[in-house]
Structure formats: structure tokens, C-alpha cells
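Labels A, B, C and D are assigned to the chains in the order they are written; within every chain, residues are numbered from 1.
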């Protein structure tokens, strides 16, 4: 699906315990997690008694940090955490960039958060009753207020456990104390990924394993739902929840769209999962055609799976312009759909007189897809079929993904038939929910995945009017 | 092949005759030709009596031009030419950015050039004998000196013909006069592509047809070797050379590497040519393996061809990080090969215990390939075979490509066996020259293509000590 | 005195009640107050129910705000406050830029502060005991915590009165509520200036009257020490303190150095006060000379006063280079004192064989003055006398000025005789404390001015180890 | 006079023969000459056989050059020349930035030019007849074409003499050869200043002596009209013209406006000359008043002279805002004349009920002066008299100054009486031509100065239709 329409994930997080190049390695970790958030990024380092040094900015990691910026916060042996963010609220200001850092009784704490608390508004009200003031709209600030209130004699673990007991929703936190402790927390349903790695003996936490690959850390394991992991001079201590929920609620959309294909999350490689979805799609909705092609780049792997399963040739028939900047001059009159066309150009000679199957990973508004299909028709495509590698999105997500920022969920308002006509297709098929779960290769998938955005069965209750106020 | 090692093409050119949005359309044309030069770009517009307005800058098209810049030069009905450049000399300054513009007797002329004159140093000496002074190191300046000297009573065509008679080497020029005439010139051997299109009745020239696609122009035809095309109020006038060479010398490396897959050059689509090379490679050097993969993105299409011909599955087993900036902080100690690894990460789960065939489009220095092969081995690849979709580069190009800027031609100094060991491969095969020509599907390919970089048979003589002084 | 050595004032503040161009006028107000703080600036606007919109940045006002930035926060009829800041602590980050904005029970409040609380560390400790967390090192955050804790049923005035009762030190606050109320508060000793004006019926507050001149507001009056002024739909309401201190403590250094000569503060025009100091200096320490000159620009007005009183000609014998940027390349070897010399160059022909009196407004470290005196000697000055238009600084300020950031107070460690030798002068005289007070033209000046930095008699007690922790 | 209205000088030039820090010292020299041109600047260095390295840019010296830029061109023992430029034509592009550099027969030459050739268009036509092409609209390019054509066997001096014989108009050139020779040339009438200095044994050339002060060079002497000075390994060689003109034509406006007050040009210090003009003005047009004030900064020194001669007190009653950026947001409705008022604010308390004499250095359009006079009236000034320290400008300059870029010469179209009313003054007086000459203190001033802009007596003939085509 296209950039403008794509769902917005809330964040990627990274943490590293005491390393001579902690800030720099965190910078590289964020580089690898950039796909999880392109709006702001930050790094916080605990290197001296009682203090935490931070650098944050708006934009991409490689624009925000210079070598000088890193040198200023790098301590030589400190611990660091980092964060990339894609605002899910309208409030995309530097104030909301993470890690969020506070001072309390002369000590500093920093937190980086991925997810969405569904009871943040309730917790915030309670805090304000007691005189707390807030500067941001972030869950992280709520977390830190609660944390500090529960902190006695510096017992960090105890305070975290008390806070976690109050939180409801989806979250993967990394907390950094000015003593250099790095603490990872995953919510009891395990909505968002968070993994533990090891880099030459130094423990590291990251949202996805692709960050370990880049910093050349070894993947140790993923955190369990509800697990708290404390990394300090005693190594790694793990605390499991007393009464875990019966069912996990792993976000299946991480596989379909968000996570990088080279990451392993929730126990399975993303690339392989996508191919499995493509194979399933071929089984569910075979059609004869000259070739299968993805709309780059998101449908690539499902398309390969579809081609393999169906035996229909695979082609990359739309060519990406590698030099498209983030903004460009808008054509004034003569050219329609320039923004769509400049990024990808179909190979005219491949398309003419062909029957084509397009694999997409999802359709949100559909206007870009419509333009692209029309372009193929204009070049003489005989038939154009589309296969979507996930079920239709019909329900909003309250656990950290904003599908609707830039428009309606087209699948919620149009029937498949209407959509086929709207997009100008010869046929259209969405992967079924059953097919998606079966293709996952997991036993009892119903007990493992959250698929609320497809069927509306929300695993954690919430007040739909309020629970999106604090996010990210 | 990787960015650092890649051969440098010299330029892309674009021109448009009288259009209300001539500057803006040229901007978009350059956008589509950006792959042919990322170092500087410029647009010149003839819109008023005797004057030419230009905007040039260093960097990418979308960084150089703002809407304001375009408005300043746009005239509403003027003619425009544009240029993107990748310096093949060390001299990458704004002074050398094109189009090159001069004043002569109150009239302005601008020229955009793609290619390399092998006798530029001789022509320049002769001019200096007569008191000419030069400000740049560009062939374009030599061309304009000669042009102006031959210009009597404003007969532009006559002057061009006299100049062309003196030029030796590879060139595709577009000349713009202050009267708004747009003139395309291709050298008699036809080394570099140049095509004619039509946009709502306005004629347009471009290095590649992908530029026509973006501005929604129709492709009319390619210029013939030696052809001069004059676009003015009388439409298009074509002048063919009196004594054309017996053989064409179309640069076959444009197919292999430079041109965009969605372009048609020298009569054939580039994507299809690359697939044909991949198929030929599979025929020449089959090997059993679990899958075929490209090193993205340049080997993609040959890899698809190889997979189809061999029946071995195709995988995209290296994942691109879409957010890598043009520069980033260099890791100081802990991480080797970061620059190589940050762009592409192999999918660990696909690689383990597999036999793999990698398709590359060429090897220049080989250090990046070596690092990538090693990465696959580290992940547990059982066997790694490499197939190169062109013959080994053993000779320098004097017609506009600089293979050696950043290092030696590894194929010129190592045997295939040495290279196999150097790269850490189980087997290595280069496409044969014969295979390459045969796969081209052209009759008498020997009489059509320049393949001097592979076999040293140079179609136009030159003095190797001097002929690279003026380039671009 | 020179830029590097100059004392750092903490801030300038500006506020405007409901105006169609509130943000823009605040921008211009800050422009006029820029001399009070060049490190960061910000504007906050209350224009919609419950919300406050802000734009802040590091640097100068004209670099921080674009028209787009202002448009984004401008509401058309909102109220606005603004702030310029010169960090007096080492912490010069965007986090500390003001106005400081918080959310509490769904309502936003913003505050802009000029001064220094001497009991901020005590107030902060008490707040932290009760679970408050802090993100900045600013007094403003302490103020807002206290304010919110005292806020019941939205009675803003009551809350402010309760907070003020706890604050000790120097402060001039402007508070903005999301309802659009603008509230000005001056501490009971009246250390820092704050004035009320009126712009076409709209009330405005500003640190100095020069801001009224620029926005073309009329000067109404200055706030009294201890006064709280509430501007809302009922107009202006003034609340005076119940038990005001017996003595005022107006910062006399505002006259000598900080305030702009075109401002009226504490009831008197700054230009005229400086001339009066110069006249007094001439009476206290006359010496024969060929001419009197200032070291531009700060000594200009005292020098004119000195020249008038003494009858000695006035010359501007050091010429300013108007094009010196904020930074420049440091000469590597050949040139000493370049940074000093580049800004001002003496007029060689005026200096030779002359006896000269230099008027300075203060000496902090003295190294720049030494260099300049040496330059005059090198050009052949026969005698060089210096007269300082204020008494020697011997004591630190705890009420908002940091004299010592970049070095020692030279007057505190050297006798006048030592200093005369150190600076290479023929004679040196500081204005006496008595002369300064007498020249002020105020009755009972001892009961009106704070002159602690000259004589150590601090009007408000403090703990010298801690009271500088929170500033600005 | 105000920035918008001020006449535009064309250039400042600087040159230094072989010094380990030649580029850096030239940078500082340009820093000191910045007032002579703020549009573009450049430095060229001859450090290696046959080559010249340059860095040029648009804007101010301190924005254009970074330490890295200087390091790239600095050679360690090379010669350097530099240039600052204020475009007198509409063509303010980087192409026209100087030094202008060319290659000829493998050797490079660079030239920096201050002045205007009145026969440039004729010389250019002749060159074009012989096939020369031009890229810029600068006199420097004409000079270099002629120079190269006259260059035989590398005899640089001979070539320069032949060129000079053809040039007509005002010029001060510095030429740099790739051998490191630095050659200064002043036109036979001596319109523009150019001086020789010495820095630790290294010879240096500069437009004004203030540049020597900054780089700590000693002033040796000014070049004579028509003199050619060659600096090379033999030291300094001077060649005087065979038939010098009977009369010098030193630009008297350099004293009045352009040159810095701390410079000595044409044998006299600028500051003292301005004071002498002020004194003369007091003698010519005395009026009783409370005080004399300049409109800063240009009238400062004449105002001091006027005050001294008249015995009327001197005040600096308009306060400059030192933080006004080069651009700022334009107020949309509420504030008129903001651009005028933001820079200078009158001191309200000084003005009220006073009779005031304003000293200005010239009036071009008069609109700013009108606004400022009105502001004084609004503050209650009883009477406002204006005295102008030069005669009225009634004629255009063809020797390098563009008075009329932004408007008409108000003095050419209005009588003194009309102007008095237009500006809202009680009285107005311009310095008389006779008074100006007499005040100069030079014998036979008629034979020494060009005063064509005041009386139309042009010392060098020209074709008024054409002679402004090539400038700078």
C-alpha cells in the first residue's frame, strides 16, 4: 500500500546496558528500526551519577543525529535507550518525542514506549486530582508519574510492578535509570514485539531482531507477555506475571505490514509468514494469468509465495525511482496523479496484452491502487486481478495502530464487489481470516493473535471515546 | 553492484520545444533521468528575445529546484533544456554544472551534453591558439566555442554541421537557442541513447523513454546515429549524415547497468534485455541450488530470468532499509562493514543450510560483494554461487563511462579462479561476450554494439593519455 | 563591555490580551526585547477552548519564527504571551525554552518568567516529596506546579496569591490561561521591570517600554512591586499585596547595562540615566584630554554625558564592522585577538599623539578592555584614561543576573591600582556608589534600588549554595 | 541613508603575495571590506603549478566560507586574491561572483575588479567579431579576454599594458597568475581606491586601509592613478603610465558614503573628512536647536563635526536594535512602516518639545527619511531641521556606483523647497559643491575629484545608452 495511506505504527524502541559506545550503537539500532516511526527520534544516556543526557529531534534518525550530537551524550560505558516515533495523534511536536525524561529527588529516569494504554485517560485524571501536571499527550508521561509515585527507597522493580498492575492495553516499555539500569516491560497480552539480545556480553533490547543484525548482536529470545526484564550489574533478571491472561494477543498486523521481513517476531520470520500468506491466497483464489506482480515494495514476498504456489511467473513490472525525495514540486496543470506516478513506473513492454495478478498487502483508502490499476489498463493490460494478502480492515485498532489517519477504511464501507468496480479490476480477493490464521502455522492461532481490526473482537476492553487520547 | 563501486555515467539530457510549462516539465523529465547523474543538475529556458534563463545546482533534482526557482525561469511558452550530471572527472563543482550557457553578439545559447569527445584536447588547443579562454573542463564548452566560430548570419544548422564534422567520440547534445529552437545531435556511432517524443503536440527530447512516461509524452522514435534534429516553428527537421560509419557502436552497458528497466533504448526494452541475459546465464552456467537471489536492486531482472530458465525458485533474500540517508555516522570501532550492512540485511531464516545462486550485474572492485558473500556464509549458507550478467570488465571506456573512479577493475587483474577465491564463492561465472551478444536478439550484434570495455576493440581511435581531459 | 564578558540577563516577557494578530504582535514585541535574551524564544497562544498553541526555538527571534509558524498558532482574536531567554545556567536546551506550558484537568496554562527565585530548591523538594516530577531546571516549572496544586474550581487569582505567598526572590511573571486571561505578577521588591500598555484598546504587558514603541502601543504605567494584574473580559484588575516590604529593590543594573536606552523603567528613561551617570563621572574624576570616546556601543550615552559636563570633545573613535556574524573562522596562527579586533577598529588618524578618555559601562573580566587599550597605545595614543559608568562589581547577583559565567569579577580580586596597571591605563576611575545613587535623581535612592552586586547588601535572604539551581 | 535606498558600490578587492595562510588572510581582508559589497564573495589561490583554486558564494563573507572551504583552497605559501561584490546590474547570480577565473593554454588566471568600464560594450563587440564567447556580464571577463589575446610567451606585464591602453572608465583590478604573481592596476583617473601594504614582509593590496588594520599589515602607500604594480619574487615593481591625464578624478562619494571611517583613501582619513563636511555644513547653514543628531549610522561623523562647529549639543537620539535580521516577517495589517521602525527607535523623552537638527549623509528616494521625520513629530518635536552632508545627487554615475537601483534620485526631480515639504521639515540644507570641495582640504580640488554625480561634469566620455551593460 502507498505511503500516504499506510497505517501508522507508533514506535520502535531500543536499549543497551553499559557499553563504551552505547549512544552510537543505539543510533544504529534506531537506524534499523526506522520503519517503525519516521516522525521523531531520540536517544538518552545514563553515564554519570544521577543524570541522563538526551538528544531528540523531528525527522529521520540520520537527519537528527550528527557525530557531535552523539559525542555530547556518549559517556564511555553508559547505558542508553532510544526511540523512533510515528505520531498516531495529531500532535507531532518535539515535546512529544521520546525518550521521555524526568527528574525526581535529584535522580533522572527515561522511558521509551511502544503501544497504547486504553486506560491512560483514567490514570491521568487520577493523577491530576492529586495535583500532577502534564506537558505531553504521551502514555510515557503517565507511566513515569505513576512510577515516581510508587518509588520508595529507590526500589525500581517494586515500583514498576505496582505501575504495571494499573496499566491496561498494549505496551512495550524500556526504562532507563540514572544508575544505568535498563528495564524492559511487555504487557500481559504481548501485543507488541520486544526481544532480548547480546552484543559481546552486553545485553540489548529491541522491538525487532533486525536491529540486532545491524549492531551485530546475537538474538537471545523474545520477552514473554507480561514479563519484566531488569538488566543491571547482576546480569538479566526476569519477573513473570502472577496471573497471566489465558490467551495471548500478538498483533498479527505486525507480520502483514509493520515488521521488517528480515525480523523474527512472535517466534516466526516475517518474510516466511508473508510468503505463506501469498501461498494461501493462491490456494483460496486462483486465477489464470500471464504473470503475478507486487505493487512494490510491500507486496513483494506474498507475490513470490503466490507465484510459487500457483506456478504463474513472477515479474517486478513496476520500476521504482530511487531518487524521489520526501517532497517535490507539485505539477500545476498538465499532469494528474504525478505523486503516484513519480515513484513507480510500469514497464510498458511487459504489460501490453497481458493478464496480470497484482498482490497488495492491504487497501486502506484505495485511491492510489485505483490510479495504478488505471495506468496498467492504459498500457494495454488485458485483465487485471488483485489479491490482498490480508483480510479486509473493518474495525479500528485501540492498541497502537492508526489505520484511519488519512481517510476511511474503504473495506468497512464498500462491499468486495463495489470495491472491484471502484478499483477497475477484473477480480478481487481478500485473504480470509481463517486462511490467514491457518497460514500462520501456529497451533490454536485464535488463542495467540489479536485480529480485532479484521473482526472487531477486542481482547482488552476500553472506552472507545477516550482511549485514544494518550498514545505513543 | 554497490553504489560506491558503480560506474559513473556522465549525464542525462532533456529538451522541450515551447510549452507553457516548459521549465516545470523539464524538471520532471530530469526527475525521471536522475539515475543518469546525481551530482548536479540544471535547466535553461529561452523565453524572451535574445536571453536564456537558467537555474543550476549541486545535488539531486528535488533538492536543487524549488517552485520559486522554476517560476523565476519559466516564461510561459518558452523552450527548455535540462541536464543531470555525474562527474567523471574529479572536478565536481557548480562551474561544471550544465546546461552550459554563453552569450555571443547579444544572443544566448545553451547546451546539454551526454558523452565524451576523444579529441576534445586537440580542439581546445586549436581554439586557445586563436585566443579562446576556457572556464570549465567540459566538452560542452569546446562545442560552444566551435559552434560560435562557425555561426554566420545566424545559420544554426550550418554551424552545427561544421562543428559535428570536427568532433570525434561519443556524444548526444541538445542545443537551445535564444530563439527557442531545440536541436538534438547524436554522434555517428550512436554510443549514447537519445529519443524523440511528443507531448500534446509539443516535441520533446530525452536520453531515455522513462522520461516520456513521467511527463506523459508519447515516444515517437529514437534518433539515428549521426542524426541532427531541429525542432522549431516548422516542426521537426531531420538531417542525416552524408557518410555514416559502416557500423553502429551502441553502448551495450547501457542495457546492463545504466538505463532504467522501464526505458526502451536502441530499439529494445531494458527489463526484457536483462531477463534475456539472466536466461542466457542459466543456459551457460547451470548449477543446482535451493534458490536464486539478486543483490538488490541491479541484479533483480537477470535473477528473474535465471530463475525462470533454470526452474530454481526466486527469492529476495536481502532486505533493503528504505531509510538510509546519503550519509550517516561512521561507526568508530565495534562495527566493520557498516556502510555495506546498513543498506541490505539478509533474511537469516532463508539462508541457513541453503545452496544459493546470487545474480549480480557486474563486479568492479569486489570488496562489497566479498562482504556480502561472507555475511551469507556467517548465516549458515551451505553453498554460495555467483553469476554475473555481463562479461568481465577488462578495459577502460573512453566514450563516457568511468569504471575506475574508485578502484581497479578487479576482472582485469584477477583470473576467474582467483576471483572465486577472493569473493569466497563455491563457483563464479561471467556471461560470455558471445552469450551477451546472442541474448541481445539483434541481428549482427557485432556491427551494432560497442563492447570495448569487455574486449578492448575500440570503435573510435583516441590518444589514451589525453582524451579524458574534457568530459561530460 | 564586550559580548563575551557581558552579564547575562535572564529574560524578557511580553503578553497581549485578545487581538486578531496576537501571535504576530507578540513576535514583534519579542523582537524589541531581543537584547534581554538571545538564546531561545517562544510564543504561546490561547485561542480555543482549553488549548494553548506554542512555537519555541533556539536562537534569535527572527530565526525561530517564520510566517508559517505564526500562522499555525495565530487564532484570530486569541491572547498571547512570549519570552526571550538568555540561559543563566549551563543548560541551554530547547526543553528550557519558555513559555512553559502544562495541561491540568484538561486545561492548559503557560507562563513566561523573568527573574530568579532564591527558594526554588526548597519549593521543588517539597513538591517532589509529594510525588511531583520535573522536566526542566526552570523556576517557571516550580511556579506552575504550585499554581496547579492551589487551583480549585478554576479560581486563578486565588491560586496565584497563594503561590506568590511562597515565592522568594526576583520575578516578573506573565501567566496565560487557556481561557485567554493574561496575568502579570511582579515580586514585592520589584527587582525586574514590567509595564502595562494599551494597543487600540487591547492591553499589553512587556518587560520594557521599547516593546510598546515597536508595536505602537501606548505606555499606561509600570506595575508596582507586589502587584498582580489580571487582564480579561472585565478589563484590567489590579491586586496589591497586603504587606508590601518597606523598601523597593529596583535593579539599578538594568539602567546601567540591560535595558534599552529608549525604554523607560522604574520611572525614568534609560538614556537620560546613563547620561546622568556620565556627567557624575566627569564631576568625580575629571582629567584633561583631547577627547572622550566610548567603547561602542554600551558606553555611548555616558560618554556623551561626560563630554557635555567636562567640555571635552566627543569622538566615536572605534569603528564597528556592521557585518560581523555571530561566528567566524578563527585565525590559526598569525593573528592574535582577532575576535576582539574584527568588531571594532580604532581610527588611526584620530588616536595618534592624543590624550584619550574612554568611557565603559562596566568591566567584568577585563581582557577585552586590555586588548583595546593596547591597540590604542600601538597607534600612538599619548595617554589613555578610563572612566567606568558604574561602581566595581564585587558581589554575585542572586536575583537573575549572572556576571560570572565566563570568568571572575576582576573588580572583586584586583585593587583599582592593580587594575589600572593590568589594563595598561594612565588612570582609571569607577563611578562611586554614592555618585551613582545621587545621579539617579530619585529621593531616598537607598530605599529604592538593589545595589547588592556593588556592596553585597542583599535585600532578600538566600542560601548561596543552592539558590542558583533553578533560574530563568 | 537607509539600506534599501543606499547607493550600491560595486566591489572591494584584496590580494596577498605568497603567505602560508594566504586564503585565510584574504578571508579576513574581505571581512574588513564587506561594506563594499554584500551580495557575493570569492577567494582564488595560486598554490600549484598552472592551477588556481577558488571558492565563491552568494551572501556575506562569514556565511560563504567555512574553515573547510578555506582549507581546501589554502596551499601553504600560495598567493591569493579576493573580492566582495554588490551587483549594480540586476544579474545577481553566482556566475557573476568574482574572482573570475579562466584557463588558457594550460595556465589559469584570476581577476578581481572594482569599477566600471565605459567602453566595455565596444570591446566586447570587437572580441565577439573574432569568435569570443561570454558567460557573464562582467567587465572582468572582457579584461581577461583581452589579456589572454595579448599574452605572448607569458609576458604578463606587456599584456596588461596593452589591455590597459584599451580600457576606458573606472577600474581597480587585481590579477592573479597561476605562478603566484599578484598584479594591481588602477585606472589613469584614479576613480577607485587601491592601496599597497606589507604584512611581515609579504606585500598585500586592498581597496581600503581598514583591511590592512584587520590583518595587521602596515600601510605602505596608495597606488597612483594609472599605476601598475607587479608583486612577485623580485618584490614590488611599479610601472607608471606614459601620458597620464592632466587631472585626477578621485570619487568624492567614497568619502561621503562608501569607504569606512577608519580607512585612509586618496591621502586622507575618511572620518576626519566627514567631520570636516559637518563643520562646513554648520558654517553654511547654522540654525538654533536643542541638539544635533544623526540618523545612524552614516551621519554620525558629520553630526559630530556639526555639533563641534556650532556648539549645539550632540545626541544619539535614535536607538538601533542590534538584533534585526536581514529579513523578518512583514506585519500584515496593524503596523505601518515596520521595516523602518524596527531598526531604529527614537528616544521619546529626548525628543518631546525639542528643536532638532538631523544630519544625514545623503537622500536618495527620501521615503525612509520622511517616515523618520514623521516619527519625531509624533513624539512632540517642536522643530525638525535637516542638514545633508553632501550636495544633491542629480546625475547618474557611470564609474561604478548605482544610485538609482531602487528609485529615482529625489534631488533631481524636486526643488529643495519641495523636498522640505515632502519630508515634513522646518528647514533643509544640502552642503554646497563649493563647500564640499573646500572642506576637503585639498589644493585645487577641482583637479582632483570626480563630482559628476553632483554637477554632471563627467571626466571620461561614454555612450550613456550602452556603458552600463557590463559592470562590476
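What we mean here is this: a residue touches a chain if its C-beta (ideal position, glycine included) is under 8 Å from a C-beta of that chain, and two chains touch if they have at least 3 such contacts.
Treat the numbers as computed from the prediction; the structure is a model and nothing was measured.
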item: Path length in steps (a step moves to a chain that is touched) from subunit A to subunit C; value: 1
item: Centroid comparison with subunit C (C-alpha atoms), farthest chain; value: B
item: Length of the line joining the C-alpha centres of subunit B and subunit D, rounded to whole Å; value: 48
item: Length of the line joining the C-alpha centres of subunit B and subunit C, rounded to whole Å; value: 61
item: Between subunit A and subunit B, centroid-to-centroid distance (C-alpha), Å; value: 38
item: Averaged-CA centre spacing for the pair subunit D and subunit C, given as whole angstrom; value: 38
item: Multi-chain contact residues (two or more partners), subunit C; value: none
item: Touching chain combinations (by label order); value: A-B, A-C, B-D, C-D
item: Subunit C-touching residues of subunit D, taken from the complex the two chains share; value: 21, 24-25, 27-28, 31-32, 34-35, 38, 60-63, 65-67, 70, 200, 210, 213-216, 260-262, 264, 269, 271-272, 297, 300-301, 304, 307-308, 313-317, 319-325, 327-335, 338, 341-342, 345-350
item: Residue ranges of subunit A touching subunit C (in the complex, touch as defined); value: 94, 101-105, 125, 128, 130-135, 137, 144-145, 148-149
